[in-house]
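A quick write-up on the structure given underneath.
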Amino acid sequence: MRAENRENNALRPVSLQVGVNPYAEGSCLIKCGNTHVICTASVEERVPLWLKNSGQGWITAEYGMLPRATATRTDREAIKGQSGRTQEIQRLIGRSLRAAVDLQALGETCIKIDCDVLQADGGTRTASITGGFVALYQALQTLAQQRAWAKIPCLHTVCAISCGVYDGQPLLDLDYQEDSHAQTDSNFVFTGEGALVEVQATAEKVPFETDTFLQLLALAQQGASTLTQLQKEVLKIGD
Amino acid sequence: MRAENRENNALRPVSLQVGVNPYAEGSCLIKCGNTHVICTASVEERVPLWLKNSGQGWITAEYGMLPRATATRTDREAIKGQSGRTQEIQRLIGRSLRAAVDLQALGETCIKIDCDVLQADGGTRTASITGGFVALYQALQTLAQQRAWAKIPCLHTVCAISCGVYDGQPLLDLDYQEDSHAQTDSNFVFTGEGALVEVQATAEKVPFETDTFLQLLALAQQGASTLTQLQKEVLKIGD
Amino acid sequence: MRAENRENNALRPVSLQVGVNPYAEGSCLIKCGNTHVICTASVEERVPLWLKNSGQGWITAEYGMLPRATATRTDREAIKGQSGRTQEIQRLIGRSLRAAVDLQALGETCIKIDCDVLQADGGTRTASITGGFVALYQALQTLAQQRAWAKIPCLHTVCAISCGVYDGQPLLDLDYQEDSHAQTDSNFVFTGEGALVEVQATAEKVPFETDTFLQLLALAQQGASTLTQLQKEVLKIGD
Amino acid sequence: MRAENRENNALRPVSLQVGVNPYAEGSCLIKCGNTHVICTASVEERVPLWLKNSGQGWITAEYGMLPRATATRTDREAIKGQSGRTQEIQRLIGRSLRAAVDLQALGETCIKIDCDVLQADGGTRTASITGGFVALYQALQTLAQQRAWAKIPCLHTVCAISCGVYDGQPLLDLDYQEDSHAQTDSNFVFTGEGALVEVQATAEKVPFETDTFLQLLALAQQGASTLTQLQKEVLKIGD
Amino acid sequence: MRAENRENNALRPVSLQVGVNPYAEGSCLIKCGNTHVICTASVEERVPLWLKNSGQGWITAEYGMLPRATATRTDREAIKGQSGRTQEIQRLIGRSLRAAVDLQALGETCIKIDCDVLQADGGTRTASITGGFVALYQALQTLAQQRAWAKIPCLHTVCAISCGVYDGQPLLDLDYQEDSHAQTDSNFVFTGEGALVEVQATAEKVPFETDTFLQLLALAQQGASTLTQLQKEVLKIGD
Amino acid sequence: MRAENRENNALRPVSLQVGVNPYAEGSCLIKCGNTHVICTASVEERVPLWLKNSGQGWITAEYGMLPRATATRTDREAIKGQSGRTQEIQRLIGRSLRAAVDLQALGETCIKIDCDVLQADGGTRTASITGGFVALYQALQTLAQQRAWAKIPCLHTVCAISCGVYDGQPLLDLDYQEDSHAQTDSNFVFTGEGALVEVQATAEKVPFETDTFLQLLALAQQGASTLTQLQKEVLKIGD
């Protein structure tokens, strides 16, 4: 049985709190069970050098974890430097959120998404994408208003969810306990329309068959549909 | 007039929320106006090398700020490394909290205090000390229970507060706006009995007379007395 | 039309040259078209600290590129440090090759796979996995002989291939020109039996439908089957 | 009894040797007992980026110690990087010396003060400030002459001294032996007129009462008065 | 007896393969016995800052070794940073090759020589200079053609060779085994006309007399003459 | 004419002041004209890991320059890290001084030589070797006394000097002005008996003939003979 009698295809309780930071152009505190991530979106007028005079904007992301976000304290990255895992995660978040935005319409503006994990109980990278999108969208709204744009330059909503095979069973939205014992671990990023933005699946212990993979994909589609709805609600995006 | 009609000798609204982190041995979310700091205390059985076989424990602190804790985003220290300012602050927090603990009675145990600023509006280092003490004390309680100690190895409660001269007036508990225009800036760390643990005063623009300094000290004593009382309440420490 | 009139489902000419390094326990020079990677396997008696006294071995990988492996020279990582991309790739190679080995049977031995790209024309990470497996297997053979093992502690052969959508067409084994214009980019790692070890798919420009993804998967299975056969030939592994 | 029968309120023998470096615009070798520091002032036409076009100048300081300045060799910071202690000290020196200068009158010029400790026997940071001021003033004299200024843009002379409580006694100007056993350790920076520029007091072992603190302050005022007089003599500054 | 019955004044078999890299403006794979180095020359339009608007070009070199170029694997410099030895070698290569070029005639162009050791069996720095010159010359030919220069801006061919005293005997072109036991180790860089560009001789174990040094110099002159001839052949430089 | 009417074969005025540091086991302030270097020798009981249980000692050197040792201030290496030039110099000093010592007789002891340049006017690396030897010898004397050795474990005195070709003339002991315009630059390290420990010659602008090189060698031998005599005098080493 899963913790709190959760069904195999059930998400943990999710909440998205918009505008939690008084300074940022956009912000969201996402809670997926015991995983809590603060996401902020910061607008900067400067784009990276290689986009100068391109007329195009950019979205980039950074990821961090408070040292005691986890059961055992981990060393502070400000002291030991960013790990390969951290860099991999923030590259994934950035790539995923760029898919949400019409960079041409944004113009030469850079939006930095910071995802800082206050508490970690599995699924921090997917929570960062789901919450990061909310912060990003709020910043786009702010910009649209400031610059009197006719339209928010957002192409899709974007959300993400993890799945895995645990004890032979495909499960949706793994917590840390499940994740660290999973045979297969996967992360899916979707648009609100259900198209795929990113797929990552890893055989942690045993290689997996195509069929198993398709089961995980199906579970993820189901979870993403719920997350999309929630995002639209808190952001007041109509269908 | 100060923001929110605050008197010159008034603290901003303070709250101390104990036990906010589900994993840490001790934790406290301190809010002083718009300055919010999460403090956690992590117990480790290892002491630094130079204390090995000394029978004595150690308290150490680390300090960080989320990139968008401030009005303008600051670069992440995990990427650019810890600034001199950060190192100076965490050395101050560690020194101040060590004064609270009977290191001999603690035995060869290290407690790491992490102070992470979620929002910054002036006074983050003093809030870190005041909130860090609460997290530390909770960890000492936990340890005392686990190890069946007769007594919590705490010598004093410790709290801290800033003062400054702004527009010629001595003020208690500066917010960011006041701090960045102050002529003199000072931080005081006190024990619950009113003795001094640390004094730091800096002439930001004009050197100051001894008299001015004594006025700041008096204001600080008054603020510290309120903070001490609050710490004792939330930690249920009797007189 | 693809370069050299290649069919959409055709691999570039591949060669695997075993034993090219006179010092390494295992080595392979893999050429996939103009992508050339030297892979070496180095046996070390020490395992990482966290595996000490576990009785289990470890496989780890490092990846590098000569500065002029590419059309335009890139700065040397020995000077600027490893990029996030490099770290991500070497984590992928290590994970993929660990799936090939019976770590328990290997015992407390570490095998380091170095993949150094002499020339890059797309697909360097998948070539590194395919060639890295050959170097690894040769090292396992060497070890098996030295230690008089009854059996080479290899669970599966492992190979990898990239696919992508270019100009609306699903293509197998992208070269650099195709890769840098692809709408979707994906990498698949397979065992010789056709099970999946790792799946990574990214929407470079437009989110992709599940159907498209399944077409890429099918192409990859076909390419992997050819690579597996070649690996078995050069390593003289019977069916 | 203190070393060399020194009275509790006596400075160690001090000497200020001006112009010891043949290249620097200003320089001073300060000796306070066995503490010897070479201070140089280097004039640069560039100000930090954030002062560009402000019309204002800047004073900054760096601090270092030769590896064998101390009884036991310490590792070279060029190899291990600057410690938190070093950064804290050089920030203090810079802040203290900025108080001496009329930055507006200086114009867009930067003066870098380098304080390199040849031998350390306690009080290196206060000696650096006292000697650093002499080097700085000499550089200002040089500049005033070169640029035909009517007046040297110096607002105050600045000097610094340490005090502490050792064995229950307040002492002026601690040597290393006293400093490392002090119950309270403090550093005071003064202008020549006796106003305070910086106060730092730390309870090394036991928190201290306000009265004790005031005794230390009184001792420091007395020491600073002697140092000021000496600075004026060697720099030929009249009253 | 030396390995493979080599005479004391004999070079190992040398080969220079020109144009091995499909992207670089110049390239050469040099093999001196078991020492194999890939050298590439990359043309960049930017000169270092201090040469801007000087009308003059620059030649610079970088050196690296694949981790398993040696009998025992060495840690990757991309992870641990460049060693002092590496920096010393690449400074030597750069200095030596600059002597070959008319920097004024080159104009504001920078040529970067990358020397990456695939296999190391002694003499990697001298092989890098000899092979690096070939890559450099090919790049100068390319440039001369592109820019329709009347003359290739090359002043001299440049090559290098090592000598040493082993077991009391002066030997030409040491392999690793000889090098690591040599009493004296020396490297000589020559122009094709036999003038000296660089001399480095080190007493590894016992100081050496002037006479011994002159014997080493004579051996080196002989070896350099052979290398010069080979360079001219592969580059089709007439006398 | 050279500065101060110096003859081409004349050294600048040299002085060796022994025992200038009150803490180090050995120390020497060497002044060669305006080049001033403080050398200290620090004895440590630990040898590098690879010498553990070898019964053999080690000599190592570090080199630094105060930021304003030069006409123009150079950035502090504690901030920007050691340059390749610094590493090359300290490797040379270490190698040269190791030749002076009977490492077997020294036993498992490490002596660290720190050479810190207070003022630089050319020839800082050779001055460091000459002064470093004096500091080293004093430390060996101290050790011999402490450990009641019958003999100081010193095989040779060691000194070093630079020569160069300037305006077509071979010159001994170049100052900065000469050095920066020299056509050829060379450094020679000798034992007191006149044998060579290290030879380094570089064609700065024009390759040089063997004859020129031999003239430089002859000049260097002459200068070294004077330095050796001075070393023996200050160290009271008889012939």
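We call the chains A, B, C, D, E and F, going by the order they appear; numbering starts again at 1 in every chain.
As a convention for this text, a contact is a pair of C-beta atoms (placed from the backbone, for glycine too) under 8 Å apart; a residue touches a chain by one contact, two chains touch by 3 or more.
Just so you know, these numbers come straight off a predicted model, no measurement behind them.
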{"item": "Intersection of the contact lists for subunit A and subunit C", "value": "none"}
{"item": "Labels of chains that are neighbours to subunit B and to subunit E", "value": "none"}
{"item": "Duplicate of the A-C contact set - from D-F, A-B or B-D, the pair where over half of the pairs recur", "value": "B-D"}
{"item": "Subunit C and subunit D, separation of their C-alpha mean positions in angstrom", "value": "60"}
{"item": "Centroid distance [mean C-alpha coordinates] between subunit E and subunit C, Å", "value": "33"}
{"item": "Subunit B and subunit F: spacing of chain centres that average the CA atoms, whole Å", "value": "51"}
{"item": "Where subunit B touches two or more other chains at once, by residue number", "value": "none"}
{"item": "Chain contact graph, described as a line, ring, star, complete graph or other shape", "value": "ring"}
{"item": "Ring of chains, enumerated from subunit A in the sense that reaches subunit C first", "value": "A, C, E, F, D, B"}
{"item": "Touching residues on subunit A, where the partner in the complex is subunit C", "value": "84-85, 87-88, 90-91, 95, 99, 156, 186, 190-191, 193, 195-203, 207-210, 213, 217"}
{"item": "Residue ranges of subunit B in contact with subunit A within the complex", "value": "21-24, 27, 34, 38, 40, 42, 44, 62, 64, 66-71, 73, 76-79, 81-82, 86, 112, 114, 116, 118-119"}
